[in-house]
Amino acid sequence: MPLIEITDIHKRFGAVEVLKGVSLALEKGEIVAVIGRSGSGKSTLLRCVNGLEKVQSGRIVVDGIHVTAPGADLNLLRQRAGMVFQSYNLFPHLTVERNVTLALKLVRKMEPSAAREVARQVVARVGLADKLLAYPDELSGGQQQRVAIARSLAMQPTLMLFDEITSALDPELVGEVLRVLEGVAGEGMTMMLVTHEMNFAKNVADRVIFMHEGRIHEDGPAREILLEPRTAELRSFLNAVLH
Amino acid sequence: MIREFSEADIAYLLLATRWTVLLALVAMIGGGLLGIVVAVLRVVQFRPANWLAIGYINLIQGTPLLGQLFVFFFGLPLFGLSVDAWTAAALSLSIYASAFFGEIWRGSLQSVSPRQWEAGASLGLTYAQRLFYVVLPQAVRISVAPTVGFLVQLVKNTSLTALIGFVELTRASQIISGATFAPLPVYLTAAAIYFVICFSLSQLSHMLERRLHAAH
Amino acid sequence: MSYNFKFGALLRYQDEIVQGVLLTLQLSIVTMICGLVIGLVVAMAAGSPLKALRVPARIYVEAIRNTPLLVQLFIVFFGFPSIGIRLDANTAALIALSINMGAYGAEILRAGFESVRRSQIEAGRSLGLTASQTFRHVVMFQAIKAIYPALASQFVLIMLATCVVSSIGVTELFHQAAFIDSRTYRSFEAYTLITLSYLVLTLGFRAFFSAVYWAVFVRRPRR
């Protein structure tokens, strides 16, 4: 049984239909990169998986949880599906450590000392052991995004969703974040990422999905899709982003 | 001679509103002129002038306007000036307004990015040219909405002059209320008149603010 | 100038002044608290999807903000008895001040909650925090930090505005000027002294509020 199963979802914002019948299945351990022009619905798709957006019709099941069912336990879903955002969204009033421990203490009901130990480990994993007691605005964008990844990892999710997490970064800071992502990928995490980094998609993702006008336009093994696009739309998109 | 609250009373209140409006206009003009001085003293590159302006602003914004009114009302005669309630009211409201205008305009002036000064300089403009052609036009645009917004405060605060006996809208309401023993309709009428003036100014201020944001 | 200023004669009235200060502070603090409670209710009503709540909230805020406090006070104290609500001066003052503060409080609170970006709420929810946990641990601190300066200056404004209630006979600080004047016939000195007392209070509270801001929001505990 797939870890994420999306069946024919439709999503409208007012009169605009952003998702026009998307179906998709992700196996455990699979790493899927979602690419496409802005407005193609790729971020919305990701946000629907996490229940941040409600769909008008269709069905989403994540790790056995019916996301689209009325009264779905979205809190349980979100404990299993970590999410990292384009704008980091660290809590500005908390130190790096307390950004990580907040949900551990409130949601996982961990003892403060145990939560701090977990924070120490995950923050070290993203290479920021010396920044444990820093506040978000004392860190660079790349460092903040690594903390955001650590904050999600600390919850020991079964899958992780990444929404254009390098788009807001200065070019020289993208590399450090992608290296952290590669590390997470190497440990067998199921990942779904919306990204503009084609090289990263090619090298790290197992599978690439090209979204176009609210539909999945192409879907296949990463190298095949990116090196030998089948449709004119994908070719023109790749031309636009690579040149 | 107790009588009903009648149309004649409403007419009397409307006539008294002239004084409310006139007082606000005088304070706006007097306060505006003095406010320019305050704003300039606040931003010039001369510390004692800055301190003077800051002290003045703190004194005016840190004490109740009602107190200022009474101090002028009782104080000016001691300096040999024969003062009626109108003069004391006009003078203290102007001074009160000048402190707020000074702060609003200083803020507007300083919210124009320093890059604009640099850009002007890089085109070879003199200091005065940069000020008058580059910075001031932008600062004026920024300041219009809050300036109009403050006029609402000014109109409302003219009501305090009733307490030193100046017969404007609020004092007139007190007089009518005493004559008719119908305080509720009288004061509600006065409130409605204030509302019409102030709400118009508030809406104007919002409109100007939206236009400013739309232009950016 | 022939006038002989005599401030010394006023010093005997320090007990009255202290009494006045205490009543002014009581009025200001209670007004602030009641006004914020009213403001919270009004802000929630104003943000509600129900028009039946939104419209009255809007009318209340606009009506209060566009009319003078003094007239509001007269309506409550002189006007209400004719509809059977008879209040003593202190209660009328407190009600008028609180209703007034409620309208400003609503605007301050609304701006505060709007200042916390939606993405912060999403970040909290996507970590599995419940709505109320997200509000308490993520939104509230940031919102309070955002509105604190406005609340601090609003407190000073309220304190300075309370002096209008002397006009209905509340014996707060400003009323003491009239009292001292009536005993000494030193009008100018009496009003100057009392007016400057407010300056001391204003500067004192501003310093206090800055210190609190620094201690709570600027100083960064590393734990």
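We just call them A, B and C in the order they show up, numbering each chain from 1.
We take it that contacts are C-beta pairs under 8 Å (C-beta built on N, C-alpha and C of every residue); 3 or more make two chains touch, one makes a residue touch a chain.
Quick caveat, the model's predicted, so the values are computed rather than measured.
Novice: Quick one: most central chain, C-alpha centroids?
Specialist: Centroid comparison flags C as closest.
Novice: Find the chain most remote from subunit C, comparing centres computed as mean CA coordinates.
Specialist: A
Novice: Looking only at C-beta pairs that count as contacts, which pair of chains has more of them, B-C or A-C?
Specialist: Looking at B-C and A-C side by side, B-C shows more C-beta contacts.
Novice: Counting only Cα atoms for the centres, state how far subunit A is from subunit B in Å.
Specialist: 54
Novice: Need the CA-centroid distance for the pair subunit B / subunit C, whole Å please.
Specialist: A distance of 21 Å separates the two centres.
Novice: For subunit A and subunit C, what's the span in angstrom between their mean Cα positions?
Specialist: Using C-alpha averages as centres, the distance is 46 Å.
Novice: Which positions of subunit B touch subunit C when the two form their complex?
Specialist: So the residues of subunit B touching subunit C come out as 58-59, 61-68, 70-71, 74-75, 78-80, 152, 156-157, 159-160, 162-163, 170, 173-174, 177, 182-184, 187-188, 190-191, 194-195, 198-199, 202.
Novice: Write out the stretch or stretches of subunit C touching subunit B in their complex.
Specialist: Listed in rising order, the residues of subunit C that touch subunit B are 1, 3, 62-63, 65-72, 74-75, 78-83, 156, 160-161, 163-164, 166-167, 174, 177, 187-188, 191-192, 194-196, 198-199, 202-203.
Novice: Quick one: in the complex, what on subunit A touches subunit C?
Specialist: 50, 52, 74-76, 78-79, 82-83, 85, 87, 89-93, 95, 98, 102-103, 106-107, 133, 135, 151-152, 155
Novice: Which residues of subunit C touch subunit A in their complex?
Specialist: 119-120, 122-130, 133, 137-138, 141-142, 145, 220, 222-223
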